[in-house]
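Before any comments, here is the structure.
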Amino acid sequence: MEIGLNHYLVLTTILFAIGLVGVMRRKNLLMLFFATEILLNAVNISFAAISHYYGDLTGQMFAFFVIAIAASEVAVGLGLLIVWHKKHNNIDLDNMSTMRG
Amino acid sequence: MLSPVNVSIESLNLMTLVPMLIPIVGALLIIVIDLFKSGQDKSLYVMLSLLVLGVDFVALMESAGIFKQNGTVMGVFDVMLIDGLAILSQFIIVGASLLFIPLALTHKRFHEFSYPEFFALFLFMIAGFQFMVATDNLILIFVGLETASLALYTLIAMHNRDKSFEAAVKYFTMGALAAGFYSFGSMVFYALTGSVEINQIATILSANNYADIGFVLVGVVFLLASLGFKLSMVPFHTWTPDVYEGSSAALAGYMSIVPKIAGFVVAMRLFEFLIHSGVVWLEVILYMGVVMTMTMANIWALVQTDVKRMLAYSSISHAGFVMAAILIGTTQSNSALFLYWILFSFTNLGSFSMLWISRQKNLPAHQQSDHSYDKFAGMVKTSPMAASIMGLFMLSLAGIPPFALFWGKIYMISSAVTGGYTVLALIMALNSAIAGYYYLKLIVYMFMKDPVVQNNGHVYVANATLPLKTIIGVAAMGTIFAFLAVNQLLELVTVFVYNSGY
Amino acid sequence: MLDHILSILIFFPALAAVLGFAVNKNSIRSYGVAVATIEFVLALWLWFAFDSSVSGMQFMEHIPLVKAFGINYIVGVDGISLFIIILAAFFTMIGIASLGETKDIKNMIVTLLFLQMTMVGVFAALDAIVFYLFWELSLVPMLYIIGAWGGPLRIYASVKFFLYTFTGSLVMLVGMLFMAYFYYQATGEWSFAILDWYRLILPETFQKWLFVAFFFGFAIKVPMFPFHTWLPYAHGQAPTIGSVILAAILLKMGTYAFIRFSLPLFPDASVYFMYPIAVLAIIMIIYTAMVAYAQKDIKQVVAYSSVSHMGVIILGIFALNVEGITGSIFLMIAHGVVSGALFFLVGVIYDRRHTKYMSEFGGLASVMPRYATIFGIMLMASVGLPLTINFVGEFLSLLGFYKQSHTLTLLAGMAIIVGAIYMLSAYKKMFFGVVTKDENRNLPDVNKRELVALIPLTIITIWLGIYPKVLLEPINTSVEAVVGLMHEKSLTQEAKSRIPNLTKDAEVITNSAENTVENSTENSAEEAH
Amino acid sequence: MELFLYTALFSPLVGSLFAALFGASKKTKMAGIIPSALLGLSLISSFVLLVSVLSSGETVHVEMMTWMATGDLYIPFGFVVDQVSVTMMMVVTLVSTVVHVYAIGYMDHDKGFNRFFSYLSAFVFSMMVLVMSDNFAGLFIGWEGVGLCSWLLIGFWYHKESATWAANEAFIMNRIADLGMLIGIFLVYWNTGTLQYEQAFAIMPSLEIDVLTWMGIFLFIGAMGKSAQFPLHTWLADAMEGPTPVSALIHAATMVTAGVYLVVRANPLYDLIPSVGLFIASLGAFVALFAASMALVNRDMKRVIAYSTLSQLGYMFAAAGLGAYWVALFHLMAHAFFKALLFLGAGNVMHAMHDELDPFKMGGLNKVMKGTFVMMTIASVALAGIFPLAGFFSKDLILEVAFVENHYIIYSVLLFTAGLTAFYSFRLVALIFHGEERYKLFGIHPHEAYKFMLVAMSPLLLLAIIAGSFKMTYFEMVTKLLPATEYHVHSSLTYWIMTIGTQLFVAFAIVYAYKKYTSRDIKVPDGTSKLENCFCYKLLINQYYIPRFYEDYIVKSYRELSEIFWTKIDQKIVDATVDGIANIFYQTGERTRVMQSGNLSTMLKWMVAGTVTLLSLAVAFGLAARYSGEIKIFLSGLGV
Amino acid sequence: MFEAIAFYLFAFLTISMFYIAVTTTQALYALSALAAGMIFISAFFFILGADFLGAVQIVVYSGAVMALYAFGMMFFDTTREIKEKQGNKAIILGLSIISAILVVVIVGAPIIGNNITAAYPVTEGAGNVQEVGMVLFTKYLVPFEVAAVMLLVAMIAGIVLAGKKMDLSLTLMSEAEIMMMKEEDKKVHL
């Protein structure tokens, strides 16, 4: 029952897939952002795991920066969300298709 | 126990950071100025940005000089990588920005330019792109990319119209997904090699003789998806037309140049070693991607009714065309990429600027979009000069000699020929023919149709001011007289690319 | 001045066009005529200064353009291109002079002057890229002329014209890039200079592929069957001046390019593809002539007749001997004059009646006798009556091809029959019979302005029909050089036997042919330093 | 002598250009008189040349200037006056001078008077070029030139649909033959390296017989067109739409004989290929009979004469084909005189009858038109070949040739035809000048032509009578150039039997025709009589249905095929393919643009889908790479 | 053994939390599930000896990110059930399952490569935070600073988008209206 790197990789993949499902099925913008957070977090697990198994700190660095990036994305994403909500009073994706073709 | 590290300042090569630091400092300066005295006119910030970018340009020339002497320079714990690609792409980034920023001095008032934050974010974005191209560390690429992207989303949204918010949201969301892909891809490569530096990855992979080809491919797929998003390769391109339509014409033009060249440099660093080490799959996939991107984008551009959307698709197609360089992967093709992009930036910025000066605050009557083809009907009758210049840009985009893009085009196709990609060369040529149709369509509208009633021609220059006209003049001159500069450019580009080992 | 006369010829009209923007609308016609006359006089000067005993390029100029990629601005003329350049200058001159009431006349004249630059440029260019440059650029003014002054379908016609030709020439561009690459492989240097390429002997397979690539570009321009369908639209919709220049000069670019590129670069492939191309040419001749017979619109008749005649030119080129090629070059000029004149004539009647349907006319011979006479002369020239300009070309072309194939020439010779059928029946419909329509009863005969164009053309038609020697001599000298080069370069036995060896009978000529290549490279080398 | 040569050649051209100056203006007598005078000059010059050639036997050969020269090809404008060409020159200038003078009167009331003389003189010039040229290319210039003038003159009354149609028909038919001629010329050039008669003929004996045969055939095809031999004969009858002087000059005396001239000129060639010669002779004999048969029933005066011309051309070809070139040329000459006379006479009748052509509507005109009556009768006698008129000497000679050469079939055909000739000629004379004055039914008041027209015709009359007496002089002259074969029937008994028999046969035919057509009960046929409904009559009156065959199966199908080519192939296939390709792209765009639905969710799905596709490809590739060994084993197990 | 138990436990928990987060129709549920999932992820970090990362994860996500989200949710009516029109579920399901399977297929295979040497090896005896600090401020100094810039950008962006009056369009307002607006601004500040 030794937990190897592959276990973590598989876990990451599953979580990533869940994130993808979220990205695809969510029509509510806020919920959609949740899903993108899941994607990034899923990858972070692997980074930490690889870092652990290789005894190398780079993975942790990467994970650290990914967290930072996720945080910044949230800020910008929320800003956009708020603006949109102020104007349209909803955050439904389906209302967001004035441009097409 | 951790031992203290001794680092000498010289070994850090802090010079490598200077070109990126300049815009950051400039941005901070702008924010500080606003802090002390708000409500300043936009011209102040425009000129400040111009100055900062000018200084940046000089700094780049300095690093170019150093590169010519010493070759590739690593700096700051080998994170920074100043090679020919980095310098060339930074030149394009800063140069295009220099051409872009005066476009803020419009005749009409637009929301975004009332805020100094716009200019600060703009400069931050440039810094982000510069970091992105000046390193082969996947982490720094990621961080630089996100810095630039986040700023760009905001810039788009600041245009403050429904469409621009929609565009920003779309871009942002897809960007977040692409970021997920990027991190996943990096993770796979890290898992494979224990390194996040492209050079290292290449070395280790070839030392292993690509034993884990499956892993490599998974990593490539995710990185390809995320870079494909940035470079708007089919089918990751879907954001492009909407985002271009939603943002102001000037910014759309800018977006068609700068983020892409940054993306190209990263793609070049990432994929070229893979192609050269015989990852056939990637070659096939890139081949398909290039052909799809060129062809499909062209085909979609055919059916557009709005000029800006048409130009959006056209720039997708041009990006696909240039992507071929990475597939071919010879020194000639990589030089062609830069040559093409330099020439393209003049023409494309020019044509978007032409749309920009014809921009009105509200939608024109009876029209669905800002720049529908109908708006340009009979333009030659009312403002012949503007029509001629727009026609010139269209001809250049179509690749009619002797205008700028033609030279890029032949050099690119020639590189396909020399690289042994005959069929690709033919496809590239035929795609130019398809593209001819939609560029021609605008010319047809401008020169051969009768103007809509009550159009006195003012509409085409409604937004024009001297700075804007100057920029268009510069772009037009660059487009017409490109043939005088091609030789120098080509020699320069080839030296830089060749000495960087690409 | 003579050293740069070609550059002057090329860029003078363009400069004049730019300055023309500043000329007042009412004076623009005089300005245009003046500029075009100066250009024509310069072209004549070129002719007088031209040494017709030299087979190589003359008045060469050489300026590096993109040195790193071997692109240079090289221009020069030989007997092959000289007269087409003069013809271009001539047609622009009389075209502008006889321009009728036109809206936006300023734009028209400026466009025509730009067009002239590209036309002269194409025929003077000795660097493939410069050639391509003018070749493509020539599409733009023509697009504008058709699209802005054309008939109801003008946009469709102009776009079709542009895209079709553009597509073909892009394929050709790929071929050129390949050619340059082969040159690079052979010598280690990039070069697009045609004279450099002449020295390159390619393996037969390469020749075939490249021949095909170039063929697409040229064939669409000519236009060869089955790539000809843009032409009727373009002619049908274009204004008179557009049709005239399109037929007289622009179509010749394709056939000229065959002689300049395809034959000397790919002699073996030329021999290999001779029969297929001859078959295409024969289809062009007979099939298009029949289609012309079915037309109801007189302009379409002339348009299809153009295609038919171009078939004979192609056939002459692929005779691969001196007689045939000389004949086809002469026929290019002849066809330029005659079809140009025919389009002028159609324009005359169109200006009066605003219709081109033959059924609208009838009995015009009694109403407009002078018009009928000139039309008749041009008609006879078009069907290739001896002592008119066309006959010389057609005779020599067919004569030349007869050496290659008897049966095919017999079929191609049908040209003189089918040509007579559609032309005569068209003439009959328009000019013979009694006047049935009242509108036609009082049509004015040709006026002075129209005669300005028509009289010189008539004179040329007959003069060169009787005394073609002035043209044939210089053409012959240059063609002999080309044929000699082809024979020398050819690899296969087949090609050696198909392409006559001139050394046997004319030691001197081949020597000078070799000198041409060497001289020109020396020249270029000198100028490069 | 060169001066005379150039005078003879170019004075018609000057005349033509002079008349052309007045082309668009009102009728002026000068436009007729000056060209006629210039033609007279040409006639005199020709005569001087003839005398010179006769006396000294020297030929004049000049090279005016280079026409075409390229590669090995060298074609000058060269002219030669030798025994053959001077004969032709005489015939041409003489007949044309007469016709010109005649036409001044004939065309008196025509609006296109000036134009007419311009065309007519141009024709003479072309004909002179044709006969005087010293090379094939020059011959071809004249060849096409006379074709052009023929087109202009047939279609002279261009407001008439039938005239313009006939003009075009003539031109196009000639063009068909000209193609053969052209090919023949190419053959000559590529095999001999020159187009000069002298050099080319000198080289020919060394060539292979196959090549020579083809040469002969193709050149003869050219001759067939111009001389309206079967199957290209239909244009000649239709060409009668032109003014009658034109018919006399072009379609009887000169142009149509150009084919014979060509064969005579190319005698060194045809001597080498007797098989082709035999074919020519057979065709000639056939055409002689064929045309004569059509002349039997035709109800158009001019057409009857035209068929007669055709028939006589057949005689000439028969002679030429059998190698009796000088005989052919002699008959050509003699025929020119009496046939032109006949036509001009017919012109007078037409004038008198207000352009009525049906001889059944005439009758009894001898009372009003004495002069014309005499002339036409004598011409007809000459045509019939009654001693001692011109026709006897030339035509009988041909019969002798056929007999002597042992081609009895040809001989008998020609003999039979001679009878037919006599019959239809006098059928015509009888119908026009004798019998009931049927024209009165139609209210026509005929009158004799101008005096000077009759005077103008008189030289022809004279020559038609006495031309036979020149036979020996002529023989002496031309045999310097042509093979001097004399044709003598071996026993004089046979000769006399033949000659007298022929004369009797012909005379019988004449008498029969007279008897039949002078009777008082000749009515204007109305299509009810038994004769008119019999098959033979219908066959003949419809010209063996050949024109209709051409119309229905060639002209019509050509027109329909053209229509199909245009509407179906050019528009529906060739052009539609091009547009179709463009449309495919456009439609693909229209169809797939829905991919860009503008919905963010869809866009994200696309991105994921793209990635997944790439992933599956990657997995497939990765698995294939990993298990490549196993796959190979598996595939080899399958026998791949 | 402990490690395995912990791994499977937390794996189960994260998967179920994230699953809830992407499938629930209640915004609050989703938010809570997401927060919980983030915390559980930090557990992995601790298991893997990345203490610093674990701490950051908890601080940033559970603290900052969730606070931000909660802040954002105040704008929206969170009690209302969120109705999402679902398009073609098969596509979504299919794509995600295929991708998961594909990646698992490949990723599940052991990595063969053996040339991996740690560039920045974990030093024995030093705490994770120390090590991280060491690397972060030498090798990754530049990315770190750029990340700072990025956060600054994000901050400015947030302010611009949410704070400034993006609901008013300066583009479309007349000069006078803008002047009035500015006057009002000043009054508020005073």
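Here the chain labels run A, B, C, D and E in written order, and each chain numbers its own residues starting at 1.
Definition applied: a residue touches a chain if its C-beta (ideal position, glycine included) is under 8 Å from a C-beta of that chain, and two chains touch if they have at least 3 such contacts.
Predicted, not measured: the structure shown is a model, and the values here were computed from it.
Using the contact threshold fixed earlier, the set of chains in contact with both chain A and chain D is B, E. Taking the definition of touch as given, a chain qualifies here only if it contacts chain A and chain C alike; those chains are B, D.
Among the other chains, E has the CA centre that is most remote from the centre of chain C. When each chain is reduced to the average of its Cα atoms, D sits farthest from chain B.
Nearest to the common centre of all protein CA atoms is the CA centroid of chain C. Looking at which two chains touch through the most C-beta pairs, you get A-E. Computed centre separation for the pair chain B/chain D is 76 angstrom, with centres defined by C-alpha atoms.
Averaged C-alpha coordinates give centres for chain D and chain E that are 99 Å from one another.
In terms of their C-alpha centroids, the spacing between chain B and chain E amounts to 28 Å. If you average the CA atoms of chain C and of chain E, the two centres end up 69 Å from each other. For chain C, the set of residues that touch two or more other chains comprises 163.
Within chain E, contacts with two or more other chains are made by residues 91-92, 95-96, 99, 103, 106-107, 109, 111, 116, 118-119, 131, 139-140, 143, 147, 150, 153-154, 157, 159-161, 166.
Shared interface positions of chain D, i.e. residues touching 2 or more other chains, are given as 582, 593, 596, 598, 600-602, 604-605, 608-609, 611, 615, 618-619, 622. Chains touching one another, given as pairs, are A-B, A-D, A-E, B-C, B-D, B-E, C-D, D-E. Residue ranges of chain C in contact with chain D, taken from their complex: 160, 163-164, 225-226, 228-230, 287, 290-291, 293-295, 321-323, 326-327, 363, 365-366, 369-370, 373, 380, 383, 385-387, 391-392, 395-396, 398-400, 402-403, 406, 409-410, 413-414, 416-417, 420-421, 424-425, 428, 431-434, 466-469, 472-473, 475-476, 479-480, 505. Those residues of chain B that touch chain E in the shared complex are 1-2, 5, 7, 17, 24, 31, 39, 76-80, 108-111, 114-115, 117, 120-121, 124-125, 127-128, 131, 135, 137, 139-140, 143-144, 146-147, 150-151, 153-154, 157-161, 188, 191-195, 200, 204-205, 207-208, 211-212, 214-215, 217-218, 361-362. Of all residues in chain A, those touching chain D in their complex are 20, 23-27, 93-94, 96-101. Residue ranges on chain D touching chain B, taken from their complex, read 582, 585-586, 588-590, 592-593, 595-596, 598, 600, 602-604, 606-611, 614-615, 617-619, 621-623, 625-626.
Residue ranges of chain E in contact with chain B, taken from their complex: 103, 106-107, 109, 111-119, 123, 125-126, 130-131, 134, 138-143, 146-147, 149-150, 152-154, 156-157, 159-161, 164, 166, 169-172, 175, 182.
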